[in-house]
Each structure stands twice: as structure tokens, then as C-alpha cells.
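One structure coming up, written as C-alpha cells, with questions to follow.
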């Protein structure tokens, strides 16, 4: 399955880098729980749990750090 | 939706870098839970939970590490 | 036991880097819990727990950061 | 509100860098929970919970990593 | 007590770097809980808890990042 | 209070770097909970909790990453 959209860490802007970070975080979870129905069932659980949302924010921040470095911080 | 205000990691000062880190952390959570009412409902839960507040501090620290590197630490 | 497939962090693409990150994360857990039956027993527990899935995503993001740096971000 | 004392990551010594890390961690939490009374109410909760204290240690370690890099590790 | 086997971060291969990461993670826990009997008693607790295993995976990933950098990623 | 022993991140060896990481992690917790009696009371709680021990291992790994970089990995 696809884990890195376009198979590249290169993006034109920080905004696109952030979108890639969110996608990569989601695809990693999909690789661990490939059952779409199970993922649908879990969505309302984490979407209403602030600690889950914060933890997702932590994963996105970590993915983004790598993507930002890969793009030399869009300098 | 906007994930990186001004679509740039560049800021004039560490203070502004910190403000950007906080905004980016919030926008990542908004991307995961786009329902404004749900986010409002969750606010008093995490705002009164020290572990949630600490976890948010961890996300901000991680976002800030990237922003600080992007600004060459404002040296 | 094998902890790094092919004993190398080098991969041709980000997609393969991501696959390596997932494998290394799994092999580290296997090194800690080598009993295959125990791991099988635990699978439905974490696969139905959103916080476990998010935590696995965090480990994958951290492993991937190292692999991406090792490959100079496939630039 | 002030998020980075003196609006600078520069410090004379590692000790001062560590003090800055602690202050920045606290100010980030203050930005999320601006109500001083609420923060006072939560203090005895986390101060008597080892897991909260460890999590605060994790945030401080992360902030310090950035500050140390900003000061070229005081070499 | 010994915290870094051979007192060196240098390893010949990624596989050996990974083994060192696992050992360093275990030795840090041993430094915090030096009582061997207590550690034995805790083993079945974390070995049957997926969240504990994932958290151990996170520590190993973090230790490995440092070891990999120390070895210039075995390039 | 002292937060960085000898006010330096420089150490002669990885072993000493690891000892410094452990000390800095403990001093950060001491800065947050300065009451020695309270810390004594909490010790048996975290020392018998595998998840607390793993979380301490995570903090040590993070502190060590900074110290290792500060010492150019003792290369």
C-alpha cells in the first residue's frame, strides 16, 4: 500500500508539507489497522477524546519535522 | 484549510516563533476534529486536566523545534 | 535476531524508507516480546484501541526521521 | 503574553539554558490555560503524580534540546 | 554501573546499533530500578501490555536516532 | 538550584554523558517538585510501575541525545 503520497518528501510550501505530514500519519495507522470498517468505528472514539487529538498532534509535529528538514525548511 | 499561517515558517523573533508553534499545533488538531462545537465541548476537559496540558506543551515544544531550526535559531 | 532488514538504513525511495520504519518498529517490539503467541494475542487489543494505533504512528514517525536523515531525505 | 523571556534563545551557560527551558515549558501551558486560579488548582494534582512529573521532564528535555542547539551547545 | 556497553556509541553496522539502542534503553531503566527482583516482577506486566511494548519501541527509536547519528548513519 | 552539574554538557565519555542525562532528568523533576519528602513518597509508586520506568527511559534518551550532540558523539 501507498505510505508516502507521490513517493516524495518534497513539497512546494510549508502548507503542503503540513498536508503531507497529516497524510503520512494517517497512512501509517492504516498500515497497522488495514480494516477500513474498524478505522471508521474508532473515529468517533478519538475525535471526542482530547488526549487522542493531542497525541495525533504530536505525531503530525514529528512527521512535519522530517518533511521540513527534507525541504530545507522552504528557505 | 489553512495549516500554516502565512504559509511560512519564517518569523522575526523567538516570541513570534512560539506563537506560530501554538497556532500550528491548534490547526493540526482542527484538521483532525473539524467540528468547532466538538472542539468547544472538549476544551474544559483538557483545560482542567494537567496531563492534557503537559501533553499540549510537548506538542508545542516539538513544533517549536522545527520552527527554530527553520529560522536558524534567530542567531 | 534480525533487527534491521538487510542490515542497512539505505533505501531507494521514501516509500521504501517508510516500509523499513514500520518493520524496524515491529522488530523492536518483537525483541522485547519474543513470544509469537503473546504478540498474536495482543494484536486485537491494540488494533481496536485508537490510542495504541496513534502511539504506533508516533514510533513509526520517529524511526522514519532517522531513516530519512540516513538517506539525505532522498534529495 | 510573553512566551520567550527576553525574546531570545541565547543564554550564557547550560544552567541558564535549562532555566529558560523550564520557563518556556510553563509559559506554553499558561498560554493554553490562562486562568491562574485553574493552574493553582491543578498544581497539587500533577505535583503528587509521578507520571505527570515525568511528562513535564520530557517537555523540559525537548525545549532544552532546541535551546542547546541555538547556543551551539555552549562549546 | 555500566550504562553504555564498551563505553562507545560506535558500532560496525545498523544491526549492532539497534542492539546497542536496546541495551542502553534497558540499562537506563536498570539505573532507575536497580532491584533485579522488582524488574523481574514487572516483566510479565509490560510484556503482556501492548501500550507498554509500544512505549518501549518509542524509547528504542529515540536511542537509535542518537546512535545512528554518532555513526554517520553507517554511510 | 543546580540544574546542570558542573554547568557543562561536556563529558569525557558516553558513559559519563549517560550519567549526566540521568542527573539532568532528575534535577528537572526536582525543580518541578522541590519537596524532598514528596519525591520520596512518589519513588515506590513509579519504581514499581513499568510504564513510569519506560517513560523515565524516554526522558533519559531525550536528554542524552542533546548531550551526545554537544560532545560531537565522542568521535
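Some observations on this one:
Going by the order they are written in, the chains are A, B, C, D, E and F; count residues from 1 in each one.
In the analysis below, a residue touches a chain if its C-beta (ideal position, glycine included) is under 8 Å from a C-beta of that chain, and two chains touch if they have at least 3 such contacts.
None of the values given here were measured: they were computed from a predicted structure.
If you take chain B and chain F together, the chains in touch with both are D.
Path length between chain B and chain C in the chain contact graph, taken as the least number of steps between touching chains: 2. Contact with both chain A and chain B is made by no chain of the assembly. Where the sister copies chain E and chain F meet, the same residue numbers recur on both sides for under half of the interface positions. A separation of 15 Å divides the Cα centre of chain B from that of chain D. Averaging Cα coordinates per chain places chain C and chain F 27 Å apart.
Look at where the CA atoms of chain C average out and do the same for chain D: the two points lie 31 Å apart. Within chain C, contacts with two or more other chains are made by residues 49, 51, 55-56, 58, 62, 65, 69.
Viewed as a contact network, the protein chains form a single closed ring in which every chain touches exactly two others.
Touching chains close into a ring; read starting at chain C and passing to chain E, it gives C, E, F, D, B, A. Across the complex, chain F meets chain E through its residues 13-15, 17-19, 22, 47-51, 53-58, 60-62, 64-65, 68-69, 73-75.
Those residues of chain B lying in contact with chain A across their complex are 2-4, 7-10, 24-25, 27-29, 31-33, 35, 38, 42, 45-46, 49, 51-52, 55-56, 58-59, 62-63, 65-66, 69-70.
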